[in-house]
Structures are given as C-alpha cells and as structure tokens.
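Structures incoming, each one as structure tokens.
Note that subunit A is present in both complexes that follow, paired respectively with subunit B and with subunit C.
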Partner chain A sequence: MKNIYKLLIAMVVLVSSVELAKAQVTSFSNPWPGSTHTYSFGDNGDTNTTEWFISQNADGSNPIVGDVGNHFTLVAEDGTGSVGADGVLSGTKINTLRVNWDGTAAGSYYVFLQVIDAGTDCSNLKGYKVDVVTGRFNAIAENVTGGTTDVDNPQFVDDSKIVVDGCSDETGNRIVNEGTFSLGTSEVAFRVKRQYSLNKWHIDYGLSVGSTSKVIAEDGSTLNVATGGGYDIPAVNDYVIVYVTVPNAEATSQAVMLTLDGTTTIDMTTTKSDAASLPANPSDNVGTYTIKSMPTISSTMTGGN
Partner chain B sequence: MKINTVYKTLMTCVIIILSLASASGQGAYTVVLNSKIKYEVAANADVQTYEWKVYTNNLLTVEATALECLLTPVSGESNAISVEWLQDGEYYLTLYAIGNNGCTNKKAWKYTVGSTPTIAFEQLASEDCSDDDNSFATLIVAKFDTDTDLSETHYPLTVTYRITGETEDRTATVNFADKLFPIEGIIEDINNETINQIRIISASNKYGGNINVLTGQDIHTRTIFKKPVINGTITVN
Partner chain C sequence: MKKILILTMLCIGFVSFSTKSFAQSSTPLKPYDGATHGYTFDGMTDGYKYQFYLTTNPQEKDNTVTAPVTSGILTGAIGTVGDAGTGKATVSINWNIAASDTYNSGNPIYLFLKVWDETPATKVCENYKAVKITPVANTFNVFVDDVTASGIPESCPELNFAKDFQPIIVDLEGNNTTAYNAGYSEVSFKISRAGTANAWDFNFTIANATTANYTYTISGDTSGDLLVGTGDQANATKDVAAAAGDAFVTITLKVPNVESVNPDFSFTINSASDHVSKATDSDNSDDQVTHMINILPAIGGFTGS
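For the complex of A and B:
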C-alpha cells in the first residue's frame, strides 16, 4: 500500500452540520462538551475504503480510542459502525462522520479521514482541527413570568409575552367569614439555561421569597429534587422552567429573585461549575420579577355584621 | 315594694349571649329580610376605585339579581355601599379595590338573609303592687331562627305594642345589652286588682327588617294588686 501522509488541514472541502438545531452556539469547529457534530470531506467513491480517526497530534499519529478514554465516540452518519482497537472507524462509503463529543474531551483535536483507493491501494489523508470548548460552563437565570401561557405544556415559553412585573394573581379563598380566608398566591416563572456544555447538568438556587412548586425540563418532564438538593437535568435539556409560588400580600411589592448557586451549579460530566468557568459569568445568575403592591382592604366590614 | 320578678330575672341574666356571627367572625352574618344596610370598610388612600358586587355562590361568579338585592352607592363614600336585601338566601357581598398602580384586591363577606326572625315575651305574666308607677319592663327573646339569637348588630329593636283597652299603639325600643322591653301605660288602682294585657303588634330591627311576632307568646299579662285596706283610726298617745 502506498502511504501518502500528506497532512492537510483542510478548510475548504470540509462540510459539517450542526445536528442539534437547538445548540446554536456550539459548532463543529468549536464544539461544546456533550454536543454532536458531523464531519465530511465529500464523496469518496463507492468502493474506496474510508478510515476516520481523531488524534491530538497534527500529523495524525496515535489516534485516540475516544470511547475508551471517555473523550468522544465516533460513528457513521447513520449511527452505525464503531472504532476498532486502533481508534479507527473503517468501512466503505463512510463519507460523513458523526462525533459525539459526549465525554471529557478538552483542548484541540484533529479529525482525520484517510481514503484508500480500491484499485490502486493508494491513500490520501486529510484532517481538520477542532477546538473543544474547554473549562467553561455557564448557567443563566432569567425571569419568564407571563410567557408560560400554555398550561398543557409548562415547558414552553412565549418570550414575547414575558413581563418584568405585574399584579398578584387573584387566588385564594377571599371570603372573610367562610372557611379559611386566604389572599392566595401568585405564580412566578424563571428559566434557567446553560451555555458551553450539552452534558447532563445540575442546578442549585435560592429564592428571595416563595417556594418552588415545580421544575419542568425542556422535554416536558417534571424534575424531582436531587439527593443533596438542587436538580439534576438530563443532557437533552438546554433549559428548565422553575415555577415559584409566592404568597400574596397587601400593601407591599415583592421582588421575587431566583439566584443560582455558582459553586454547586455544574456540568455533571466535566464537573466544571458556573463559578469556576473561565471566564465566570456571575452577573447572569439572578432572575427577578416584581409583584406589584395590592391595595389593602380591611377585613372588618362595618354595618350590619 | 314587692320585688319585681322581672328584675329578679334580670339579676340572673348577666351572661351576654353573643351571636355566632359577631363572636368570632366565622360563619355567615345574618340579615333580616328587607333590611337596608350601609356597609363600609376603612378608606385607603392607595385605592383608586372601589367596586361592590353581590354574588350568590362562593366562587363569586353568579351575581345576585335586582329581585334579590339592591345596591345603592353612598354619595361621597366609595368605600361604602347601601344594600337592600329583598329575598331570603345566602349572598356574598364582594368588594374589589383597584389600587393606584392598577392592581386589584378582592374580599367578600357572606350573609344569610332570612325572613325567619321572631320576637316574643320571655315571660307571659308578671305582677306588682300598686305603687303609682304605670311603667315596667320585661325581657323579650329575639331570635334569627330557632337555633340562633338575633345578633347585636340588629339592635336596637323597635317594638309596637298595645295595652288592652287602649285605642292606639305604643312604641318602645329594646337594646341588645339588657333586652328589656319598657312598657308604659299600665293601669293601677290601689283599691282594686287590675289586670293589664300587653300585646306585641309588630317589631323591626335597626335596619327596618321585619321581625315576626311569635304567636302564643305575644301577650304579657301584668297584674297589679290593690293596696291592703287599713281599718280603723290611728290612736295617738
């Protein structure tokens, strides 16, 4: 076999797509941990052998067996195939490689394709440099009250309807002399979303007032409190909606704030915390909604009672 | 003077019976049918608008009709409303307060409107010696229904009565504190025993609501004994 080790850092013919439409910031050249991207150099013929591998070396030496090292996994575009002990995904007509950057990959990698001509046994090698986003994790808290209008799908938010403040909800038993009187509660909603990672993640937070009524993940599932507190969020979810119940009060406005704990809010795979992210982003850890003051009505009705 | 049995009763009647409504704030407030009552809450400068409604259900969704009650604004007092209760039933007087910031508060009070209230003499007979005093007082019993005393809010009661033999009715006022029905016009004769029959003609509460006179307990007989005759002449040494 004629080995032609011409290393080309191909920037022209590489075609890639972002498989997860929601991961709009992650990219094939700068993937976030946990993301999935495809890589292709085009059509390599029907009979030629295609060999894909990833190395941390620009010359393609010492391919990494990704899943063994928990860096990533390689499969064909259709999800078939697996790497051998040498870290190479080999076959015919594997024109597109899918890389699941679902491990602890960090730093720079080179995605290589070696094509071996079926007739001449000659080979060619091309590579593409990928810089995995490393050392970063950010969770963002924001108020979405008013935007969660779909009662059947509490994970959905209509961002155009979000408001920063509003009156208290008209709930509770407002009858002074029948049953247990109550001014009721108001519902406030916050969205906590992630950046720089698509791994399973964990959030912890505090509330200035009120209590959490439910936490709904992007996929519609209801999350339970994790052992030790906070919520573990499956990797598929880019955000969760935290619903907060706030007791109504007369003659006072209430600033409802959700504040993320930067230390314990983490990427559960890389263990990178929000606070330890480089750079850290503490300014986006607080979401605020203000319940405006409700005028007092005396419970004492004079005349005839 | 012979001790009046009425006052004997009064001595033992020191326990003030509080109505269920006024005692704890729990349970519906009672209203005598046809009462016209001004209701009011403390005014609040943070309130821009008050809105009053009466509902017939505790979800506060079904408004009472004009046949059930009439709401009349009180001039210059938006924190007050005048309600004339026209039909028996359970109602929820509801107040919406819209603040200067546009936010609304709401509270409601439950009322039971009834045509069941009654008034009666507690005792149907009493007696006294002739003493040149043609008045006396006796206790009445006023109830909202068979199980509930008429609460303090309904007092004073106005009671119209007539003494047998007279041609015109008399009017008296009964207060909550002692519930004594003061009666005037008793005929006394130091030489003859006289029997006066006092009959309650009608009664109404503080708000003009009608209180039914309980048949069979609407007449009180007051006997005035004559003075004993002292015969002979006094001998002075």
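For the complex of A and C:
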C-alpha cells in the first residue's frame, strides 16, 4: 500500500482514538450523562455576589433553567445560595459549583460565573466550555463464568479465574430407576456493563440456551424483571451479573450465548440506545461460554445376574 | 536777557506692531482678552535707555508705575534702544484674560514709552509718548465635556463582545482554544469651540492616576481622525489642530480591562487659540473633566473535578 494511504489511515485512527480517549472516563470538561462534577473559580472576594449559570451560548445569553430531569442540576458546593426561576444560582462567595449532569444534557455547554462587586455593582464574567459526552452509550456483554466463586457476594468477579469453556456441572438425580432422572444443570455467568453513562439504564437480551436464574447488580441487590421484560438497572450500578441455568445434555457441546438487544438496551434518561450510539459496536454485545460435551451413558442397564 | 537753552529732546518716532491685523481679530490697539501682542517704537537713537509702562492716566510721567491690576503683563519693558534693532524699543504685552472687564472703549488704558539718556555728560532730555489701547471682550471659548457612553463620571468596565471581550477560558482538554480576553472599555471626551467659526487649536493633557494602560484616537467632527496615540500611555500631552469645519473634537480612550484596577483619568485643556484671530480661551473654568472606570472585580483561577 502506498505510504500516503498508510499515513492517512494512521491519522484517521489517531484522531478517532484521541476522541475516544477523551470520553473513556467521565471528566469535568467531557462529562458522561448522569455524572456529577465540580467547577471552581478561585477567590472572588469575601463580599461579592457570585452568580453561576449554564448557557449553550458562548456569550452567556439565555441561561438554561436546569431542573432535575431537564438538562442538569446546579447546587453550590458549600450548600449556600439558591437557584432562581431564571436558572441562576446566586449567593455570596460561592467559589465552587457542583453540576449534576443528571438530565438530558447533550452537546456543548458553557459554565459561567458572574461576580458582582458589592460596592459598585460592576461585574466580571468568566466561563468554561463543557462538551457533554453525547450519543455514545455502550453496553457490553461478556462471559465471566468461573470468576463468580464468592457465593456470599454473587456480584463480585475475579477476572483472573474466568474460563471460556468447561465441563457441565455434576448435578441432578442420576439414578435411572429411582426418582426422577435428571442430567442436572450447569450454571453460567455473564457480566453486562455500561460505558459513557452514569444514568439509570435498561437491558434486554436473548439466550441461545437455558434461562435466567437471577440478576445481581454491582451493589449486591437482586433485580426483578421490568414491566415489559428486561431489567431496569439503578444509576449507581456500572454492571450486573446475569446467572443462567443450562440443562445438561449428553454427547453435545453447548455454546451458551447472551446477546444484548442493541435497540432496547438504553440510557433511560437520555433514551440513547446502544445500537444508535457511536461508534456502533455490535460485536461487544455477545458473551459466550461453551459447555463441553459429556459422553453418553445409556439409561438402562443390561446384564447382571 | 535770559538765555533760553533749548535742549534737544530725544526722538521717539513711529510706533509699529508685530502682528498683522485682520478684520474682527485681535489687534495691538484693540487686543482680545488673553491675547499677546508686540509693540515697537522706532526712530530713536541707539544706546538710550527706555521703559514701557501701562497706566490709566493719560498724562502719567512716572515710568516706574506698576501696571494696573488685570491689565496686562509686560515682558521686556526695560531696555536699551537698539537691542531689538536700530532705533527700536520693543515690548510684549500678554493681556489679562479679563482685561476688557475693566479696560475697554469706555475706560481705555495707555501704553507709555519713556526714553532717556543715562550719560550725564550729554545734555539730552527725556521723552515719552503713548498709545491708547482698548481691550476687547473675547468670546472665543474652548470647553470639554465627558461624553462617555455611560453618562456618569464613574462607570463600570464594559464587558462587550464587540470590544474584544471573550469570557471562556482556555482548557487543557482542548474544548476551547481561544484565549480569554477581558476586553476593553472606552472613555470619551468632547472638546468644543464657541465664539468662532475659524480653524482652532488646543493643547491638552490626559493624566492617569493609576497604572492603567490605554491608547487614544482623536477625531474632528468633520475632519475624521486627527491623531492616534499608540502604545501604552501614562500621561499624554498633545497639540491638536482642528479645521474650520470642526465645531468639536472627540478624544476616545481605549482602556484594556484589568482585574482589580480602576483607571482614573483627568482631561485638561491647557491652552487653546483661534487660529485666525489669535484669540485665546476666554474661560478656564470649563477646561477640565475627570472620568473613572470602576474596579473590575477579580475572578480567580479555574479548577474542576
């Protein structure tokens, strides 16, 4: 390949990775939806009025009135002051603002501080540009079978113990002439985690074989199936563990796959779906564990005298 | 029979004046208040002593009298004939700015010249002559007003996007790379003439009581830009020549906004004159204004988390 093309491709990759790198963790300049960050301008005088507001305009016009569930929530770090009907958090000597990006904020915003001199009423204004990570919500499904060995804390995973395949669990009543015969079941575990969002989220998925026995969130709570199916996951959880029970079978290996539904797996506040986010990455929506085949034993015994 | 000794009287010849006469302008015999004129008598013999003196007494012989109050100030009143040219004696009179209040056509003042010979051996008598002078009221007036847009002598720093104001600070994430700029404020003074339609000129001083920097532009009403002062200024003293079509001249100071600094300016007209009639500023009470820009309250350095 000509060197110029190699160079262009390298540059495109570099730019994309820089953009992606900016979003890898939530930060005050590139916050994830649902995150909370602080913005502070140093000492602004002991008696001067401090007014904080957020606008989508670089000239500070039209401050956004931020209510919970709207774009964001504003509160002073020291708890003083109050937000007026005009969206301005006003008080004295409030040097640090806490912004909870808990709403539908998307795109670029400017966080402004206006300081008003107590004696002359003259003002000064400075702002900081914030680019909210927008349209990137990503859900990832991965096999963690073998790593969930702490029965007292089923939400913890030791990643060093994960295996991609294994023999079926030896369970079930194997006595062929007493009771109900059963080859038993194997337990498989998957982890579904999110990126680029700290909001309440929802997952839907399908299983290639078996059924869900329980879903445990990162904070240890057990989640129930949501109305309409799937699971609503509280904002505090970055992941859930899905435990799947698979009936054992003879003479066949079973590929147990959990596949996320990219269209209905969403950030519930911004409503952005995994499939509609950029970059589209459907390949990280599937987790796979293989139950290896076990040899057949006939269920009737012959012979013996 | 008594011998009548007729002694020679010193000759004093013609009187001439050092300024041209224009219709309706200041002349030596009808000087405007505040004007300066030269008066020369000739036809005398070099080497004799002379003294000019002002008096309201048309028969004043005492050449040591003091000029009446509010008449004029004589420069070079005492001398030797010939110092200013063969046969000449010259004096310069700066007429008081309110001379015509007391001395005018109804109450004239006289400029006398006495000539004498100090050499006792020569038997030459003294001589004296005079001219009648009637000062004329000068209505030429130059005055200054503060015409800063705020309309008040103490204004707030302007935070104006059309005047370089850019409040968003540069951040390390690259969300904003445009440099922060506190912008600048404008202070304007208007210098107007009255009592003439001629070209005129004036000398001014801008005094700056603080460490504020500024640049300035001077423009005539019809002449456009007359003078631009570049670079940082502490104080500035300049001459301005305005055209006949300029009823006023505007001086605009461009003052960069600096936190915790309050620029404090005083503008003074030091002198002014009618370019044609040579009339000078008849009223000094309206020759000074001040304007202060209040302090720009500080906003400290930014941190986020």
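Please note the rule applied: the second predicted complex is superposed on the first by the 254 of 305 C-alpha atoms of A that agree within 3 Å, B and C clash if a C-alpha of one lies under 4 Å from a C-alpha of the other, contacts with A are read in each partner's own complex, and residues count from 1 in each chain.
We adopt the following convention: a residue touches a chain if its C-beta (ideal position, glycine included) is under 8 Å from a C-beta of that chain, and two chains touch if they have at least 3 such contacts.
All values reported here derive from a predicted model rather than from experimental measurement.
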When both partners are placed on the shared chain, which of subunit B and subunit C touches more of subunit A: C
First, second, both or neither for A:43, with subunit B first and subunit C second: second
Which superposed partner A:160 touches (first subunit B, second subunit C, both, neither): neither
First (subunit B), second (subunit C), both or neither touched by A:227: neither
Touched partner set for A:283, first subunit B, second subunit C, both or neither: neither
Residues of subunit C defined as touching subunit A within the complex: 154, 156-157, 159, 161, 167-169, 171-173, 175-176, 180, 182, 259, 294-305
Touch list for subunit A against partner subunit B, complex: 167-168, 170, 174-178, 183, 250-251, 292-305
Residue numbers on subunit B that touch subunit A, as the complex places them: 21-22, 25-29, 31, 35, 37-42, 44, 46-47, 58, 60, 80, 92-95, 97-111, 153, 207
Subunit C partner contacts - residues on subunit A that touch it in the complex: 22, 27-30, 37-45, 48, 58-60, 95, 108, 110, 112-113, 115-117, 120-131
